[in-house]
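Chain lettering (A, B, C and D) follows the sequence in which the chains are written, and residue indices restart at 1 in each chain.
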Amino acid sequence: MIESSKATAAKGKLLYGMVGGGEGAFIGDVHRKTAAFDGKCALTAGAFSRDFSATQRTGAALGLDEDRLYPDFETMAREESARENGIDFAVIAAPNYAHYDAAKAFLANGIHVVCEKPLTFTAQQAEDLKQLAAERRLLLCVMYSYSGYPMLHQARAMVRAGEIGDVLMVMGEYPQDWLIEVIEGESRQAAWRTDPAMAGVSNCTGDIGSHIENTAAFVTGLKIKRLLAKLDIVGADRTLDTNSCVLLEFENGASGMYWSSQVAVGNDNALQLRVYGTKGSVEWEQEFPNVMRFTRAGEPTQTLNRGHGYLSPEAASRLPSGHSEGYFEAFSNIYSRFADALLKLKSGAALDDADLDFPNVDDGIEGVKFIHACVESSKNDSQWVTL
Amino acid sequence: MIESSKATAAKGKLLYGMVGGGEGAFIGDVHRKTAAFDGKCALTAGAFSRDFSATQRTGAALGLDEDRLYPDFETMAREESARENGIDFAVIAAPNYAHYDAAKAFLANGIHVVCEKPLTFTAQQAEDLKQLAAERRLLLCVMYSYSGYPMLHQARAMVRAGEIGDVLMVMGEYPQDWLIEVIEGESRQAAWRTDPAMAGVSNCTGDIGSHIENTAAFVTGLKIKRLLAKLDIVGADRTLDTNSCVLLEFENGASGMYWSSQVAVGNDNALQLRVYGTKGSVEWEQEFPNVMRFTRAGEPTQTLNRGHGYLSPEAASRLPSGHSEGYFEAFSNIYSRFADALLKLKSGAALDDADLDFPNVDDGIEGVKFIHACVESSKNDSQWVTL
Amino acid sequence: MIESSKATAAKGKLLYGMVGGGEGAFIGDVHRKTAAFDGKCALTAGAFSRDFSATQRTGAALGLDEDRLYPDFETMAREESARENGIDFAVIAAPNYAHYDAAKAFLANGIHVVCEKPLTFTAQQAEDLKQLAAERRLLLCVMYSYSGYPMLHQARAMVRAGEIGDVLMVMGEYPQDWLIEVIEGESRQAAWRTDPAMAGVSNCTGDIGSHIENTAAFVTGLKIKRLLAKLDIVGADRTLDTNSCVLLEFENGASGMYWSSQVAVGNDNALQLRVYGTKGSVEWEQEFPNVMRFTRAGEPTQTLNRGHGYLSPEAASRLPSGHSEGYFEAFSNIYSRFADALLKLKSGAALDDADLDFPNVDDGIEGVKFIHACVESSKNDSQWVTL
Amino acid sequence: MIESSKATAAKGKLLYGMVGGGEGAFIGDVHRKTAAFDGKCALTAGAFSRDFSATQRTGAALGLDEDRLYPDFETMAREESARENGIDFAVIAAPNYAHYDAAKAFLANGIHVVCEKPLTFTAQQAEDLKQLAAERRLLLCVMYSYSGYPMLHQARAMVRAGEIGDVLMVMGEYPQDWLIEVIEGESRQAAWRTDPAMAGVSNCTGDIGSHIENTAAFVTGLKIKRLLAKLDIVGADRTLDTNSCVLLEFENGASGMYWSSQVAVGNDNALQLRVYGTKGSVEWEQEFPNVMRFTRAGEPTQTLNRGHGYLSPEAASRLPSGHSEGYFEAFSNIYSRFADALLKLKSGAALDDADLDFPNVDDGIEGVKFIHACVESSKNDSQWVTL
């Protein structure tokens, strides 16, 4: 029997609304599938597009009630806030330019927020959101999705426990090749990411360079002291960077090199992090996320494999070893932790640090500062910029 | 707001019930997450355990209505069949011994079936189910989950299109190491898989050897003419095989070697298939499922990557290349195809072969025959057994 | 200045003569370069071809004195034996059919021998050579060249030391693809290897299957109790095997599967050995010979790297880790050990087992028996053959 | 028979003498084995150490005539030059500080030179040597050994033929970990490399950073326009760099990042070069030198394998594919090309560019300039330095 009732899917679930993620959007569908993965969150409302008829089509396809579809996020924030069974949180999966205003609207209306990265165009905007969330006691998760991979948690646990000693060198890279041809005419994604009005001051560094920054900070906990950068624009008529070289000095004295590119033929999403310390090293690759390599000085390299009993409890995962988890599961892990925290908060319990183990507004602020520092250095002939 | 209504999650979805998959079961949760992944199926009923109080606990945790929980699958089949909004299909995720009776009960009551592999204990039982499903015009999907991986579809497309010429040699292996110690006392999974009353005539060959057989058949389309086998029992007091060597001759004259093991230290679920032909070869590994290797005679080996434009349409997938899909997604692909077929069937349309591109009762029959032939050969000092 | 003197290159070196290895031969040059590598051996005499004018051309190109060039190996054996400064040992690098007669001729004349594998056509011939060498107190090295790789010595040391416990399963394979097309018309190598008169009862099994057998025996020390085989002939008008599947039972109860092929597209010399025991496993690949993998049950897989301090002394090598050693060096290692033993023997000292750590006549005998058992089993519809 | 004559090993060979490479030296033995590998060069003279008794011991062990052993390179240059059968060329394998004086001495005495890199301490010295060699019409080979690897020749051929289009980005790295502990007390190599008097202005950049520079120049042919660097000193009491980050701009507008390190745990000699262009990319790793990866935009990555017929003639090598060649063979390739050129020159023929396909004084000059630019930039807080 196909059930025809319009009743919502919510029994005991958190309700959420989505901004962006309409027809043809890739990341919106990822948010929806992964928010639903553990059965903790139910999509209930949406302002999926600036074109309301498109939003209505998307809403119908997703089985949403018509009165939970909105022409814009401001309306959604206001009206959902006023409903008895209004959404618990909003997911902002629109292009970068909308992040700040949308996040602000929901927070101002008492609604928790999950926002795509980069959080905002400017660091000041990000600080504003932080203050607003703090005042309203609201959760603000910034979707640095890779930090959901269990083996990155393993790497973090090992580095924080001193297994590699003091960090000396951080090597990060994130090459892609999808912009090697000028495809802005055919690809909506390419069009907005290369458009300063939509993407902000940077394309490559802002999108994927920022993932290196977050991944390295996640694993090492190191603060960047200063950096210098050379941002290249490859591709006719482009005005934002598509290749990005960054040299870094961390507060503990370690050095770092981050390379991101959208024009490195042969690469898809080849994010890689390697951290070298006085006693050992860890290495991880996003395209093979179920394993990481660990070497103690003078010993053979070990390949650690997700799901095994020898891992840290922090690396807990869903499947036994040998059945790979991927991008959806990493995303789901973040939603699961966010939902657990929100459910606990709603139950009236106090949240501690362990409850808040998902990327937050501080990560968002660091990300925006990193992007701006890279752009500033590059404009200034690769002079050092202190953070 | 947390929604407290008990209304079901079903708007436009197929409803299903589950047999097995109760507390502590690994694969039941995989079935639930992946049946739900694309929003086409809603869990509505369950007989999760032979202990009804356990079923009630599982049902409550999953938010099912109490009157959709059943003490056994016979009751579930009978009562759901009688309900106006009864389940569309049943998922059988119980240990092997229950497959036949449960599948028969649902088919007999007009309910479609998704069943774990191996389908039954005997080939005759599998033939019975085939006949029953045909008579009642019901779908019967056998969950050979690996056939859901997009890059195996790519391999199949290439082999079937003649890109490697005539197949000469098939190398398949599936080593694990989880039974290197005798853990039957601690692991429910280990206990039933090594118990002939629960698992049938074989443990290793029946569980993972059978996956090699199905994967090879899926990619090559070749029929086994005859085989010989040597099944080893490693581990004190065990009576079923934990290591399995099979030598094969296919109807087209090709040879094959299949090795499966549960005592091969250093392996998790290292299913690998390599097919060599007169013009080329394909290779695929389950633990790195997003890539496959292809070599034309005299040319460099190519690494094909899921999500790329150069792939066959059959290899269509969910994420762009470089963001890995894993085991959950492979499973979900099968559920998605099964659900599409069932929805189309319910709409009154006729199904063609392309609609039925999921593992079915014929695959189940071949699997059971393969297991029995291996056991028979091994008992007969590795004499050839003709299929 | 280019020195024009004809004086030999021998100061303190062992002198040797070569049978085979004339114009166009691949392996003869390898023998010459690697016998010379450590400066312990000097090529002094030759019967490089059945065509004496070809031998003279080769000898001239190699700078040999004309009176050390011979029309056939019998003459070389007789005359060198009679010379005051005659050769210390002979290298037999001719096709298989010549091995027995040539080895016998040199041994009978008191000259030590290094012979390519397989040692002889029949096991009885190999036993004859063993007896002759023993009677004359002569060294007989059979060039199973892969046993010269340091990381195989590491694997042997670990297995023999019990690091993987009792061996349960041995997986060996050696796929190539050079005979996927019928190239006997253009390739002298292909012509003789596929010709029973030159190669003996087997092509593929005799050439590369035999390397699996030797490598597995080298690492594990296990004796084969019985085996069954299916040998396939791929390629029009061929009469010897080009694809070979062998199933084995070892005396300790372990099982094994050996696959060798000359028609597996995408493979060059992909010899791989994997040994699984009750406590761990080792894996090694000939094409990446500087590393091996080792796993203890329940622990991460380790990649051991040639040249590191954590290795066994048996794995001693020439270069620091990270500068790869290859096929020439493996070959050279065997020549170096053979030369050391021979120098010690000539010094009058007694040789102990450690001095004789190179593949010898017993390895040669095992190899010939293995080949014949495979051929016999295959002819007998894959019945077990006891060794 | 062991030959006791003292006659030299030279029949038709080039004679050479060696500076450095005495007891305990690693690279000296590599030079000797690889100069001898193809039978074109014979070691005839030596000043292996500043301690003449050590030179005498080394000379005796190598079987050299006593009157060809010298207390210093000046004496060797002068006396060998005066001999009728004096050496054809000198190999300088001493620490860096001796390169200039030794090379100058031999060139001034009309003797060709093979010198370890870096060629000299200063660019002016290197220019002096270039002028001197030109005046005397002498060959000067600088041993950038990695350029002897066949698959780097393949990469060069492909890049130069435009297969990857215009180069956009060059990624080079060379991590090691042998100096993670302060081992200067136990390791002669560590002692001199970290000592400015012996090694010059740089340790890490001068040793292995310089290999990145040469390898990238070899493959791409690009000239560096400017660079900036951050050189780190890790390890108590050290005064020279052990970790080196370089950001580059090439004359064609491409960017580059070079990282070398001696303190990156888990790395031996992990030189890697990746070159990205407008149409494709090439990648190569020194530790797996028999393969390279090539990707055309939009196509699957290909793994090219040494020895195959699909390669460029420039990638000609010694062994068939699948039998790996390593570091010794790469070195030997350079000696072989150098010897061929020298033999041709001695025969009176004119040399063309193809004859001179080994690393020469211009490569040496570029290398020294690169090192100095890195040091200068680092001292100047990572300001750009124009070359």
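Note that in this section contacts are C-beta pairs under 8 Å (C-beta built on N, C-alpha and C of every residue); 3 or more make two chains touch, one makes a residue touch a chain.
Only a predicted model underlies this, so the values are computations on that prediction, with no experimental measurement involved.
Q: Comparing centres built from CA atoms, which chain ends up most distant from chain A?
A: C
Q: Any idea whether A-B or B-C has more C-beta pairs in contact?
A: Spelling it out, more C-beta pairs touch across A-B than across the other pair.
Q: Could you please state the distance in Å, as a whole number, between where the Cα atoms of chain A are centred and where those of chain C are centred?
A: About 56 Å, centre to centre.
Q: Between chain B and chain C, tell me the centre distance in angstrom, where each centre is the average of that chain's C-alpha atoms.
A: Here the centre of chain C sits 45 Å away from the centre of chain B.
Q: Give, as an integer number of Å, the spacing between the C-alpha centres of chain B and chain A.
A: Centres of chain A and chain B (C-alpha means) sit 34 Å apart.
Q: Specify, in ascending order, the residues of chain C that touch 2 or more different other chains.
A: In chain C, 301, 305 touch at least two other chains.
Q: Along chain C, where are the residues that touch chain D in the complex?
A: Residue list for chain C touching chain D: 1-15, 26, 30, 33, 36-39, 42, 62-63, 83-88, 176, 267-270, 286-290, 305, 307, 318-329, 343, 346.
Q: Taking the complex as given, what residues does chain A use to touch chain C?
A: Counting only chain A, the residues touching chain C are 294, 298-305, 308-310.
Q: In the complex of these two chains, what residues of chain A are touching chain D?
A: Those in contact with chain D are residues 164, 168-169, 171, 173, 175, 177, 180-181, 228, 230, 232, 234, 243, 245, 247, 249, 255, 257, 259, 261, 263-266, 276-281, 283, 293, 295-297, 301, 381-382, 384.
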